[in-house]
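Two complexes come next, and they have one chain in common, chain A, joined by chain B in the first and chain C in the second.
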Partner chain A sequence: MRQRYLAPLGALALVAVFVSLAAVSMRSQTKAAPKAPGLPKPGPAPRTAWGEPDLQGTWFVMENVPLERSAANANKEFLTDAEVAAADKQKADDPGRNARSANSAQDVNGAYNAVFNSVLRTSKRTSMIIDPPDGKIPPLTAEAQQRQGRGGRGGLGAGGGGRGNAASVNDNPETVAQSPRCLGVQMPFLATNPLFAQGTVMQIVQGPKSMGIYMEDDHAGGGNRVIFMDGRPHAPSTIKNVLGDSRGKWEGNTLIVETTNFVQGYRGANPDTYKMTEKFTRIDSNNLRRDITFEDPKTWTRPWTVRIEMGKTDDSRHMIFDSACHEGNYGLTGILVGARREEQAAKK
Partner chain B sequence: MGIKFTVGAAAAGIAILLSQAPVWAHHAFAAEFDANKPVDFKNATVTRVQLINPHSWIYVDVKQPDGTSENWAIEAGSPNILLRRGITKDTLKVGQKLNVVGYQSKDGSHRANGRDLTLPDGTKLFLGGSGDGAPYEVQRPGIDTEKK
Partner chain C sequence: MTRNVTTAQVGGQAAPARIAGKPDFSGIWEANNTANWDLQTHAARPMVAQPGFSPGSVTLAAPVLGLGSIGWVPPGQGVVEGEEIPYLPWAAARKKENLEHWMDRDPEIKCFQPGVPRAMYMPYPFQIVQSASKIMMVFEYANAQRTIHLNKMEDYPNVAYMGYSVGHWEGDTLVVDVKDFTDATWFDRSGNFHSDALHVTERYNMAGRDVIRYEATIEDPQVFTRTWKISMPLYRRLDTNAQLMDFRCVEMVEETMYGHLRKEQLVKQWVGNTMTVNITRTIPPGEKVHERYISGNPPAK
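For the complex of A and B:
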């Protein structure tokens, strides 16, 4: 009986937390912006009232790390302090999107000036991928090469969650990528877009038997994961979720979360054989490490693992903007109408 | 989309080269906005501000030569980034004057992207003060902070 009601109760608690969060966020808007935020003093990783490591809080991606290691950094896991400083100086000097292009076709794609983008500091780490040691996505299996219609390494790009390929993406609402349709963020939730990485934020709320993660990747409409930690098995394989089906268990101070039952596999993986395993470890009060291992024997020749270091800031910034999303009313229509106008113009 | 992406990548230029990864906003803006229909509104009056995902919308009244005014919806960046820069709904108030440079939507409606938003005196809108940025953000003079 207790178990049966736990899930809905957990979900309710989660909703309550988010509602109160939204209320706090709205209230705080009426005040002037807080000045000079700083990191709270680091301390030991806290524990919950029931004695487990406390992962709760709002966590930010702090530094820019490319997913794969570049050729320039081959065999080099970390940059030197001087290299980081030089890269950051270059970023600070760069006008970026503030630079207007004389070519209006290019200029329109600039969309907004640089104030709407974030520029994270450069990380010493040269790739999110920590395994394999070369910092690259492992080669595709022969089957995946055939399935994806391409060879080489890595597989398909991250994909936008729509059903369209490059040529047909703006054909109809179903083919348009997920984010302009405000269908929320996608797994595995990596900050792969440095221009918006500052918006890659997740909030964890935790109970003894379940945990909720709210994910916001800047502007796509948010996403809520519920991770059950009460030992229940995965949902039947016939049940698929966009965010997958997550089960967690503690190993020492690390929460191991296995997620299966995805509608789509990451980077073109086969959803029936694809699995991601996350390891959440709170290093200290200010730092959370999230390691993710991607496995799919039908897609990659070996598993691969990324490391994401996330941090906190002071309480006044412990909020995520309400994810209410309404570009379905404007942006999506505009994109589809625009595509039809282009087709008409091409016929003339 | 392949061609558009290439064009877009060129426009983003150095920023993207620096970031070492092909990155883009969640949609190609050329799909929605018309490069042949630039708009340049001086002294428009803000009538409504919606800081909302995935993109903020700023509504402005634009005076026409015949004395009437048109209400335009200007698309701008996401509220999450702005919030982390200490920018709230009080930063831009109804009644405030605003210069808008951007491109009209392809469907010909009174919508445009806000390529550059400045106050009539030339001050950049949404300039975050130094230290207002989220943790570890690189501060760019003239973009995130006053120009040195």
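For the complex of A and C:
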């Protein structure tokens, strides 16, 4: 009985992952994409009923900016209008987006991938990093080079290997890549992979004593931060959170949010010495700027800062949908069942 | 910068008592009752039971045997007004079946978002962030979240595990309509459930500085013969520097949900002083391997 049922599932496993993710992706992107013509002309930055700059709203990253500046753009902070137009034309002409083959079934299966190609417009800015001025992550300290070279977890990518030798990533749920596990969004929540709509949308609710940020990424699920703004100190160092421990304070019209107590530092930083400091500034009614400075004297030779510009959506529309990634995660079951089916087939 | 927030002296600390003219619900809150175990009045009982030695008695069954007194559900007075949950006949049978298959079926065990009202009385704290036009609630359990929209919103064109919440003020009472639920969430660990036609109307009142009087009216004509109501106090967590911590259960439940699909089983045997527990993982037949929950909708005719 088991073999009979496993046979079709094995073949479907990979497709099933794409279908489930694609359905979510399409919903959030078609409903959530900001409509430029519907937005009112920018006015002055509003204030809350209690007189502070009002950061509340659902905010989207509207343009594609690489984290680091490419060699081709060395010494060049901004592209010209002509260069932006040329880059956008190249994206629109990408032959991979609308390819046809002789195998129509394959094309239909492949078309599920097309929803991932949600191309953001090219930004004039050539790197998210605004400091150091070369647009590059500063060099690692000697200690960090040694630590990361010894197999320290540098990135947030797929887990490798499993228990025992010659392990496959599909042997266990823990060894499957992060995104099919629906473990929730990670900090610092940057749009480093806008093709997958990652790090592009956040909803802020702002009170006088605390602020909530709901971050949505359909492949990972959601993530919810609460920022205390009542002057209390950070949690003791015994408390570690995946999204860190955030404290906010106003300096003029800018909300400064310091986040520490991470379980894991960004890009392999040491969680005990790593700190991120965000500066939220409402530029005008339609625009929010989020500058983030990453510091860890044990990892980088100097602090570095990224700039993220976000646009607002209509308050009565464009709600972020519940991705319910874990609740609907038929993909991970499919991946594991498919792998067990392949092992059974190989034994024959 | 002027802060147009009314403040009240509380224990030497200035705390705003109202936000934009309305009661301030912000802070860390938690119910202190057994409603998440069972909405109705219940005596202590095994989490999972088997017939006991004496006729008619029950005792702990295999999954929780080693837990001893911790394996027994704490008793509690019900939170249902009039005690009765008015199920339609098919739904009463389903509720009983849900309780019998609690460990296979309770969405909490799988770390699914709990829905409303269940999120409000789980044994974990939650935090309220309040502005003039939105109220966000962040729950320690599963890092779940709901936003109550006080401004005029377009209809929600989808369903959501936590539902879609639209609120308004009636004097100092916050009234919230919650709809657009899935058919997948439950009310408690006793198998009380609903369909996707669920409509919850919540009322929040400050009863003193550190207590919210919470009420939820439940309406679901696919499952119940009439509306019914629960009510309970929610208490402010007064612990020094109370804050939410991580309870990221998606990772915690991977062994429970997917362990049977590993290449090599991780958990096979647990050995204690007076018992050895052998664990056999099985893969259910057919499409059941992909079953994640039992729909609360009425069976198709």
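We adopt the following convention: the second predicted complex is superposed on the first by the 241 of 348 C-alpha atoms of A that agree within 3 Å, B and C clash if a C-alpha of one lies under 4 Å from a C-alpha of the other, contacts with A are read in each partner's own complex, and residues count from 1 in each chain.
As a working rule, a residue touches a chain if its C-beta (ideal position, glycine included) is under 8 Å from a C-beta of that chain, and two chains touch if they have at least 3 such contacts.
Note that this is a predicted model, so its numbers are computed, not measured.
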**Request:** With the two complexes superposed on chain A, say which partner A:F321 touches: chain B (first), chain C (second), both, or neither.
**Result:** both
**Request:** Specify the partner with more touching residues on chain A, choosing between chain B and chain C.
**Result:** B
**Asked** After lining up the shared chain so the two structures overlap, which partner does A:K209 touch, if you call chain B first and chain C second: first, second, both or neither?
**Response** second
**Prompt:** Regarding the shared-chain residue A:P133, is it in contact with chain B (first), chain C (second), both, or neither?
**Reply:** neither
**Asked** When the two structures are overlaid on chain A, which partner does A:P42 contact: first (chain B), second (chain C), both, or neither?
**Response** neither
**Request:** Report for A:Q56: first if it touches chain B alone, second if chain C alone, otherwise both or neither.
**Result:** second
**Request:** Check whether A:G331 is in contact with chain B, with chain C, with both or with neither, and answer first, second, both or neither.
**Result:** first
**Request:** Give one of first, second, both or neither to describe whether A:S179 is in contact with chain B, with chain C, with both, or with none.
**Result:** first
**Request:** Using the touch definition from the top, say if A:Q106 reaches chain B (first), chain C (second), both or neither.
**Result:** first
**Message:** Show me the chain A residues, by the header's touch rule, that chain B contacts in one structure and chain C contacts in the other.
**Reply:** 31, 167, 182, 221-222, 317, 319, 321-322, 324, 326-327, 330, 333-334, 337, 339
**Asked** So in the complex, which bits of chain B are touching chain A?
**Response** 1-2, 4-5, 7-8, 10-15, 18-21, 23-36, 38, 50-55, 57, 73, 75-91, 103, 105-107, 111, 113-117, 124-129, 131-132, 134-144
**Request:** Please name which positions on chain C make contact with chain A in the complex.
**Result:** 1-5, 15-16, 19-21, 26, 107, 111-113, 127, 129-136, 138, 143-145, 147, 151-154, 156-158, 160-162, 182, 184, 241, 243-246, 248, 250-251, 254, 257-258, 261-264, 266, 283, 285-287, 289-290, 292
**Request:** Show which residues of chain A lie in contact with chain B when the two form their complex.
**Result:** 25, 28-37, 39, 60, 62-64, 66-67, 70, 87-88, 90-101, 103-121, 160, 166-167, 169-170, 176-177, 179-180, 182, 192-196, 198-199, 201, 216, 218-222, 311, 313, 317, 319-327, 330-331, 333-335, 337-339, 341-342
**Interface residues, chain A side, partner chain C - complex** = 1-2, 5, 9, 27, 31, 48-52, 56, 162-164, 167-168, 171-174, 181-184, 203, 205-212, 214, 221-224, 226, 228, 232, 235, 239-242, 245, 250, 263, 315-317, 319, 321-322, 324, 326-330, 332-334, 336-337, 339-340, 343
